[in-house]
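Shared between the two complexes below is chain A, which has chain B as its partner in the first and chain C in the second.
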Partner chain A sequence: MQRMFMRRVGLALLLMLAATALTFWLVTAAPGNVAALIAERAAGAGADGAMIARIADELGLNDPLPVRYARWLGDALTGDFGISLRTGKPMAEEFAERIPMTLALLSGGGVLVLVLSLAMGIAGAVSNGGVADRVLHGLALVGASTPNFFVAAMLVIVFSVWLGWVPTFGVSGLSSWLLPWTTIALFPASVLARVVRVNLQDSMSRPFATTGFAKGLTRRAVLMREALPNIAIPYMTTFGAQFTLMIIGAIVVERVFGLNGVGAFFIEAIRFRDFIGMQAVLTLFVVFFVSVNLLFDLLAMLADPRLRRPRKA
Partner chain B sequence: MLKLDRRSFLATTAGLSFLSVLPQTAFADAHGDTLRVAIAGETGDLDLLQNVSTLSTYSAVFDALIHYGPGGALEPGLATAWTIAEDGLSISFDLREGVSFSDGTPFDAAAAEWNLKRWMGVADFSWIGIADAYDSIVIDAPNKITVKLKRPVPAALLELTIVRPVRFLSPKAAAGQPIGTGPWIVESYSSTETILVRNDAYWGEKPIFARMELKVVPDELARANALRAGELDVIGGDWVAQLSPRRAKALEGEGMTIVAEPGTATTILGYSPMAPMMQDKAVRDAIYLGIDRAAVATVLFEGYADPTVDIFPTTVPTAGTRTPLPARDVAAAQAALTAGGWTGDGAGWTKDGASLEIAFLVSEEAFPGSRRIGEMIQGMLTEVGLKVNIESVDLATMHDRRPKFDYDLTFFATYGAPYDPHGSLGASFVTASDTGPDGKIYVHPDLDVLVATALETGGDAREAAMQAVYDWLRDNTAACPLVVTQRLWAVHPRVAGFTLPATDYDLPFKGITLG
Partner chain C sequence: MTAPIYEVEGLVIDLYTPSVSVRAVDVAGFHVAPGETLAIVGESGSGKTVMTLGPLGLLPEGVAVDLRGTARADGKDILSMSPADLSRLRGGFFGVIFQDPMSALNPMLKIGPQLARQAQLYAGLSAEEARKEAVSLLARSGIPDPEDRYGRYPHELSGGMLQRAMIALALAARPRVLIADEPTTALDATVQAQILALIRQIQKEDGIAVILITHDIGAVSVLADRVAVLYAGQVAEEGSAVDVLTAPVHPYTRGLLASVPDFRSDHATGTREIPGIPPSQTQLEPGCRFADRCDLVQSSCRTHRPPLVRLGAGPVPHRVACPVVIAAEGIVTHD
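Then we have the complex of A and B:
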């Protein structure tokens, strides 16, 4: 088990390294000139060719790409992700200010995903072809096929502008989180509700369910006591994947609801060609993706002994 | 006796918890003496020497020696009077007495000298004429200074009205502390909002309300919804939180007040001076005549733009005489091409075996809405028989291609007040200027001479020298002005007396009362 754990962690670290190298290459290959942007920040309309050349030289932008990557990686490992070209603040400061906001969005959204997906999936399975099952199936379909910027706009119009129940933007108490959490949770909850529903249906036709029925248990009892624990592994794995994808949703949701998280920063970094900011955020995303997936893989291994068995040749 | 099982208890608790958060949503009320203004991005620390913070917030906190008034009138700021020597080589300023920075530091000649020396004579600010020509500063008296120059700078006084870096910071301010003498004091700033409180010791007319909250709302639709919900009082302003004409129309129909005033910046279609096709004046004439500017203003800007063929609007000083707006004339455009040696048939125009195809570079990031304007112009020019290929690119590609004149047609905009006309002329129409990623609208050796003469000419002769530049540009069809977009704001009904400041780089607050 320990060897398998170390192997997984080692692979995750290698993956992070490869992904940061790839993003570094992509960001540096994008059109635009970092030195020109820094010069523009310092001197506005007064940025001229000589100043741009001097800055490029000072920053080592004329060095070969591997040398630049190695230098960036060395700094990043010590927590120095550079200074944002847009805000002029060190990226470490930006992260310290913005990560809690994004984590709050993802955590609240994650809890809502858990509650909604299980409730919808189980209710559908209990109804089993009834009206509730069909309605929930339809809702899940709509939720999984509606872009979150549209969901956000509709929720704001109804609950903020028409009803005035919750604020349209910013954080001013728990109520201000309701719409962002709902928006970010709708898509993954819809996907997971189908995972729960389909896997429960599958489990209900397995021998252990038949045994349950033979023992005189009701359908609901078999569903909750026998079938539900058996969908834990596929649910956990899909939840992990959907949770990591929520960071992409956060990019839109944070902007629409005026939340100063990492996602909103990323959009502005792209708009202003803040290469340093973009690279830092992409690195954070990579770490988040790989870590969350690793965590859920390990949880699945803990939950299912079959996954812990060494592979036979 | 009331029986409560576990399930009911949990359901009731969950329901009450949900309901308990709702009272906190009385957010749209109880803001009394506070004006809530949307800003598209965080203000930052308002460092006067860095090109990072939001431009519009500076003038609320920092004063200049001279303030820019309506139409470019120079109004006393921290200087009550000024005198330019006859040879133009020195400017004396009488400094306002009894003024203090908001940290209590007195504003006097020493504070003025400390501030001016931060940017005058500094290479990074050589784009400002007075900084480039700076020689020395002499303190004549505790409240009088003289700036000595190596050469006359006719636009010097206008340059002293700009936002950054010319405004005055307390010499005792620590790094990152925005302390000025202006009508507002920064109470706090973060990535979500900046809070300004009234400076009760302000030397000028004090704001009527006590507090201004600048709320960061990057998304335009979110800003409009917040205004509708009563969470914001005003939205708009090109340099504050842009409001699109279409959104303004929608808000107007929902009871919001739309304030639209003549703008100070012109949207111009630039012809590349390096593209062989665009060096042919007949082609430039055909494009100039083939565009219906009034239709562009009406259809794409919902009427919130004024069609023009002049480089600068009359809202900036020495903008020159007005050229009557020509009606779109397809036959005249085609006649211009024929006179220029082009042969037209149903398939297009050719000359010396080359067919007339125009690469039209547009970027939504550089100019929001430019794709739609480009498509409308493409349609109009197609009727003339011109083949126009739109290339839609991102901002970085625009920044890369524009300085190289790697296009046939593309969009430009003049800087607007208080930077014009000297700012745009000196940067966008001069071969030797280095405008970095902004590129240039048009350059030509003859134009270089005219612009240099105009910018160096002061006094009564300046207007004629400027007019010579405008005449040359018009006679050579060197640029194709389209519209002057109006300054657009949407105001919540609780706000009364909303008036716009003189430039787009200032925040509106003067005269505003809150209901």
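Then we have the complex of A and C:
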């Protein structure tokens, strides 16, 4: 268990290194020239080739890629992600302002995913082929196949424009969060509802479920007491994977609902060829992806007594 | 003879999956009295488990079941009970031991608390008494260091220990009928004998009724007072263990006993297999189910289902569904 833990953490660190190196290379390979952008900003139309070359030399842009990556990595490890080419502010400052917004979006959405997926999956298993089961199955299919920008637009039309219940844009109290949370939660909740439903069904056909009935439990009690603990492992791993994917959803959702988070910043960074900003946000995403997946894998391991307490030899 | 405590009559069970329907039990029945051990014998698919556990609603989920006939527990009709009453009956009145304890015990749940909960719910004990009862049940089932095992998960125990835990769980509610569904099939040979001895000891001490579902004739001879032989969902022969094991009449019972290897003989020459395979139970034909595999088959066997006829004048009824052998060997019937 401890060795497995250390291996997972080591693997995660390696993965972060590889992924940041890859994004570093990709961002450099993208069309555009950082030195030219800086020169343009400083001197406007007066920027000439000599000035661009001097800036490139000063910034070490002519060094080989591995050297530049190593330099970037050293800075990043101390929390220095450079200065945004678009806003002119240090990325650390941008992050400090924007991460809370994105975190609020993701954590609210995550809670909604948790509640919705468990409620839908369990209700389906309780109904077991009944009307509720089939309706929920249909809903989950729709939810898992509708793109989030479309969901966002529909929600805004119905709840903001027609009904006028919630604002269309920006942050003003809890009600303004309802549509963004719903939009970002719909896809992962639908996928996870199916995970819950299918794994509950599988557990209910296993011999230990029959033992549960033999213990005198009603079907609902067998579901909740015997089957539900057995879905913890697949649920947690899938939840981790889906939760990390929500950061991709955040890019669209923040944009559509005018939330000033990291995702919205990323879109602007791409539009303005803010290479420094892009690399910083991508690094943040990589760290988020890898560490959240690691966290949920470890939680799933802890939930399984067979892994938590291996048989003594 | 004491009145039966679990009694099933004229039971018909059809199982449906989306593609096939199978008549798993075709007008069959059995009964067991307190203090008595009934062995239900037959090969895989003969309907032993379905017949015994089906009336209790203990068939695997996902199979549609159509069930007719009568089933009574302590005189009460089971089949007309509400789901809540039936659940309570399953939990308290019946104790069930399953074939493979590794899969029959929930891997996510500790063993002891499950026992304690049964004792608390069905034996009316307080939480503290129930915990003590659970530990003493584990000890009684032959589990060493029961205090430690109480908090263990199934994967932390060996197969034999798990089956002992399963027995303890089945006994925790202080049931009146213990159903053991092939309790030794998944275990090592040496452990099998221990488990059978444990079941016999419990049966003696508690005077409960035991139904042993098995295809292991050795287990039958160790435990059973009475035997019912099931073939393709029908009872071929039933009677006292002595009658059925030493003086079998039905050609299937004879074949079944002849196919048991005798470890004392030098070769396998002593054993004979029954030629052929059991009939498909998806298509129902009239007549004796065993007809296609029977040496003594006559044309009437294929048109009429042979009735169970009581033989001799013994105190425990010996019934056989084979008029051909009865007539050929001049066996005296009861009336």
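As a convention for this text, the second predicted complex is superposed on the first by the 304 of 313 C-alpha atoms of A that agree within 3 Å, B and C clash if a C-alpha of one lies under 4 Å from a C-alpha of the other, contacts with A are read in each partner's own complex, and residues count from 1 in each chain.
The criterion applied here is as follows: contacts are C-beta pairs under 8 Å (C-beta built on N, C-alpha and C of every residue); 3 or more make two chains touch, one makes a residue touch a chain.
Owing to the predicted nature of the structure, the values given are computational and were not obtained by experimental measurement.
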**OP:** Assess the superposed three-chain arrangement around chain A: do chain B and chain C clash, or do they fit?
**Re:** fit
Original post:
Looking at the overlay, what does A:Val131 touch: chain B (first), chain C (second), both, or neither?
Top reply: neither
Original post:
Is A:Ala214 contacted by the first partner chain B, the second partner chain C, both or neither?
Top reply: second
**OP:** For A:Arg206, select first, second, both or neither according to whether it touches chain B, chain C, the two together, or no partner.
**Re:** second
**OP:** Mind working out whether A:Leu77 is in touch with chain B, chain C, both or neither, as first, second, both or neither?
**Re:** neither
Subject >> Per-residue contact with chain A, leading partner among chain C and chain B >> reply: B
Original post:
Which holds for A:Ala29: it touches chain B only (first), chain C only (second), both, or neither?
Top reply: neither
**OP:** Enter the shortest inter-chain Cα distance between chain B and chain C once the structures share a common frame, rounded to whole Å.
**Re:** 22
Original post:
Both chain B and chain C touch chain A; at which residues?
Top reply: none
**OP:** Using the touch definition up top, name the residues of chain C that touch chain A in the complex.
**Re:** 56-58, 60-62, 83-84, 87-92, 94-96, 98, 100, 103-109, 114, 117-118, 121-122, 153, 155-156, 166, 169-170, 173
Original post:
Along chain B, where are the residues that touch chain A in the complex?
Top reply: 21-22, 24-25, 27-28, 41-42, 44-45, 47, 50-52, 124-128, 164, 190-193, 215-219, 221-222, 225-226, 228-231, 365, 394-397, 399-400, 423, 427, 434-438
Original post:
Can you list the residues on chain A that touch chain B in the complex?
Top reply: 30-33, 36, 39-49, 51-52, 86-88, 97-98, 153, 156-157, 160-161, 164-175, 178, 255-258, 260, 264, 267-268, 271, 273
Subject >> List of chain A residues in touch with chain C within their complex >> reply: 201, 204-219, 226, 229-230, 232, 304-306, 309, 311-312
